[in-house]
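Pasting a structure below so you can have a look.
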């Protein structure tokens, strides 16, 4: 595909997505209102041949269908893609082996969605028990439409309200509360940790907290599940390996479309005893899809070298943030235990809306709208490696100038 | 049956129950330790021909099997008992009609347990919705072994932790929290109120609170269920009729073995649309028992004249409490919105254990042990009408004297 | 209670039950139309002081409430009844121990209904498997309102259509059919046998069939459950002990209100591993009823000496049948593998309706209506021991004479 | 992508798929043994630039990953593909609108699998009822791993054993059997027809049968669901339009990866009342996948002009079959109500294995192995339009000659 086609496709993409698909992204970002604004239309004329979007908005590269098809073609040239058959064989088997290795678990299995991976993990881990303790602000408690209760007959007990995550004492207090106050007990079988925490701007759970909870669970016979949808970004920032994180848990779910840029899909890794039961479970809940090599090939591609790329990305991000913080109009600050999300606040002299529009129209750089408190959630991802760092910094400087109220 | 047999049976009962069955009652009272003590053995020699137990322990008359058989025989003489057939016909139909009238609802149905009545009510009211809001300290949330989640696919959302009951603002805040924070919503269909509240020592929910919640539910299309297991006692103390209470709710559950002295069973009353579905539901959950006229006959018997008896019992209780409070060794105080349970505290000079033993051995009067805070939960029930009030007061006075440390 | 009261109560019972409650019995007998007719009104004047009903209709003694209360009083005099507390302790514990001994199983537990006993047995035995093989004409397949599918997520696979029971080959063929034809298999965990078979007029399953199926199940890792609601009658006729029958099964359900005359209830016996899980299961399905000593005391009473009484009853039945078969108007014939039900056909000269009316009015003997094929299902039970055998035979002879068309 | 790449990719595909992936296809074809044999390796040298596989094996074109990527690129050029977002917007919306129009239903929705589409359709149609009547040899009864029972609390009642499909009388008999024999009824709400019938070699259900069952269901208040996974092929052969077929049903499921060549996915069409509930259902069962425009774009592409292409394909198939039937070594015969599958039997002189190998190696034509009865299931699909008809006929003639035993 020539670069001309690429530009044409980009134009199409922009036309198609600019106004219609972006507002649709809101749910995935867990916000109640539009995160991008109407004015963020692209100016196709600024696109050079290698034009690629830089976004400070989400987890990954935000491929258009055209870019995705192109990328699959490139991947196939490097390493011919083999088909799977209802999730068996081919690229899916490669993917499962790669994730078993990455997590250090006996087995890993492809699951079509993270919701299904989380739900089936707690179903299988919990056995005959009803109670599962989960973080109050976790995906499994607040973003899976009550699947645990409505479909899987589980009672989720939330812990850690108004905190990024719960700690061992919170957990013990909760268990004591239920053990002491209920006469006819149903069992507690499983504890869930989400790490990093999407609803806390990607904050990571400190390793010591994870270890203490893990030890407690093992001593008391509770199973521990990791919702590690975004574990790659935690590993990149904390320098703790995914296999070490995984070692503290019985099962680990990792998303394929956050930092691995697949079009969907999830991995669940754990002991063979659990993972071997998954195929049947996926089937009965209607998740046995025909061909999934597309997700597998993309995820495998981006899995290779991810540590190196993120080491580079975190350095580049530091540079960008440091430079922007030198501008009097911009303040970017850390959140506690942050990974790749920062709080960006603009000086009162700047029109945030105009800034976002300028960045997108002139430089193909996407920025979120400020939230109700005036904070722009500023997300780092691999797209900042697509251009020279100075290009990005200059784009900001110039756009700031053009965005005075 | 002669009074001699009666006394012999009483002796048997005392022998049988004194040490063995009473500790078993602990779970029903929701306490973690024995509420009665070993020393509370009865002295059969004090029993006169009309001997009957007076208890400050529980909701009802605490019939032994022998007393229950005897009572059924008396009831049958007054009004011959007709058999039911798997819950249809006979005394059960009479009972259902009586409760439809009492509650002012279109229909009422016999259900073998309160847990089943509560669970099926919320199942049927909630239709396709998953969420049900319940009081944090309710039977449905903490004493039904997670049946709602484990069996009926409901997500119970508790409200009002550390409070006897929630009010309208608590309810609104909770609904707002779930509406604003969850993207993939499952519906909320039903709200539950427990009134009076067993885990709050029988405290009643103020009528204004009930009315405001009821109005809000009707305006917003939520169904409202009353766990009125002990509604008779609330009505006796608040002077609000059961039919008025029931009018604020879509369904009402009332226990048959609390204040109505049956050996088990429950009533669920509501619109025909709901109640007509219950027979099938009771069957599939395994609750269609063969003959239930025993429960029906007892409950019908004690339902007649219950208001008059309780008017008398509350007056007698006032007299007893007033007299006991004149003793320097005894302080009986109200709890907020109390019904029939009071806090009794003994002076340091008195050995609570010895007092309970003396009352039971010498006067056939049962008293609970103090809880960990030194408070004896002091429950009024119809058994105080079994003897002359002065007999009871004098029994206390004499027992206090014999119970110094 | 004097005999005068007894007669008065009988009169009441007859008045009450004659027309209203008997048609209600139809469902329990599994028939689509009335089994008794309007004319079967009793003539209270024929009742002597010891008057008791003789019935050729059902499994047991058909106690009225009055008779049941009286009988409990008698039982209590022989052996004082101890209360249970939510199914724990007292008479219920005695009952559970008696049934553990009777069946030779580690443990037995009281369950409020046979439907709940059957359903929870297959739920617990089947573990993660979905498929349960059941007799096509069993209670569990056709009389439990699809509880297995609607509540317990089980797939019941019926075997043996148009046969009283299936045999080993039928079972093997069915398993082969499902194993060969389904790609995505869900597991088969449990097989159910009903013995004797209510929908086949109480026919028993031959011991050799039971043994061969039991061996096959053990070799192949399937669990085997016995719906032995009426196992007492099978044991009485086949002379195989209940403990031998039970030895071929993992769990055994026995009804308390068929041949043991309780007002309801069931027993489930099996390994401690299964039975220890039942208390929690019973609770979550809403079956934890407050007091159950009534059922326990009655069942325990009738359990003692049941073999002797039935040995006598089968001899008396033989005498009656032999005598009646000498009448040219009556033909009573065996069904294959019969237990206590026979086919009775009347000569064309006899009006079946008139006969039933005469027997009931003049002799307090109950007989079913003929079914659509002109066959009267003729059931033997212990009530034939209530009178002298000649009294019964003469009653028939005289009633036949008065029942010509 | 040049034709050179195409050939290289083909080579890769052949190498990758030849031995490894094809045996994996067996489950999807519902057979217990390999349908293709090891010798069916391709000879890449015979491939011309336009080389494309002709298969007499399955429903569609059997795209390799490489061909699929290439095809998506072509489709995107014709009509730029718009992304969806968790199944909303973009190509998915276009697809849903196209299927609503095609079926004449109010709405259609994308569902990730046919199993999920079937299961959720019967769940929503059946409401509070438990029973669903299904064809004995249907996908929903035998190929969905008991999802209906294990997950959705439905009792599937199979009808039409040993027949390609049931008719109205079979249905009435079944309903009568359950209505007459069960006392505690659970409701029957839904009937399912599969058309055409995969387990009967794609036989279609006669229109008159469908109409009579549809009328009966409407008269009696039953809902009717069509498992029309392969409805396109039925329409092509019977000349009845999909919208006419759909008009007889309440909901219709159509596969996207049978005749429409998508990599997965399904459509469920029906009244807005049902379809509007699907989004939530899909979410709670874990089926809300991130991006699905790939399936949508492919299906939309192949949907356009499908009638014309199949009109042509059926004519070409007739020509091929007629020519092959003139060979004494080949007999191709119709099955009753056949659509695109025929029975092919080879003369004893021919080695079927050798024939299949020759056809694949020399001519890139795939053929199934004979089944245990010596019959080769001979499937027609659009791939026969990829080459000149004479090329195919000659390939057969020459291969036959080289395949003598």
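Order of writing sets the labels: A, B, C and D. Residues in every chain begin at 1.
As a working rule, a contact is a pair of C-beta atoms (placed from the backbone, for glycine too) under 8 Å apart; a residue touches a chain by one contact, two chains touch by 3 or more.
What you are looking at is a predicted structure, and each value in this text was computed from that prediction instead of being measured.
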Between the pairs A-C and A-B, the one where more C-beta pairs touch: A-B
Length of the line joining the C-alpha centres of chain A and chain D, rounded to whole Å: 36
Between chain A and chain C, centroid-to-centroid distance (C-alpha), Å: 61
Chain A and chain B, separation of their C-alpha mean positions in angstrom: 51
Multi-partner residues of chain C (each touching 2 or more other chains): 27, 144-146, 150-151, 184, 186, 280, 283-284, 288
Overall pattern in which the protein chains touch one another (line/ring/star/complete/other): complete
Touching residues on chain C, where the partner in the complex is chain A: 128, 184, 186, 277, 280, 283-284, 288
Chain C - residues contacting chain B, complex: 1, 9, 12-13, 16-17, 20-21, 24-25, 27-28, 64-66, 69-70, 72-73, 76, 80-83, 85-86, 88-91, 111-113, 115-117, 119-120, 144-147, 150-151, 257, 262-265, 280, 283-294, 297
Chain C-touching residues of chain D, taken from the complex the two chains share: 27, 30, 32, 130-131, 142-146, 149-151, 153-156, 180-186
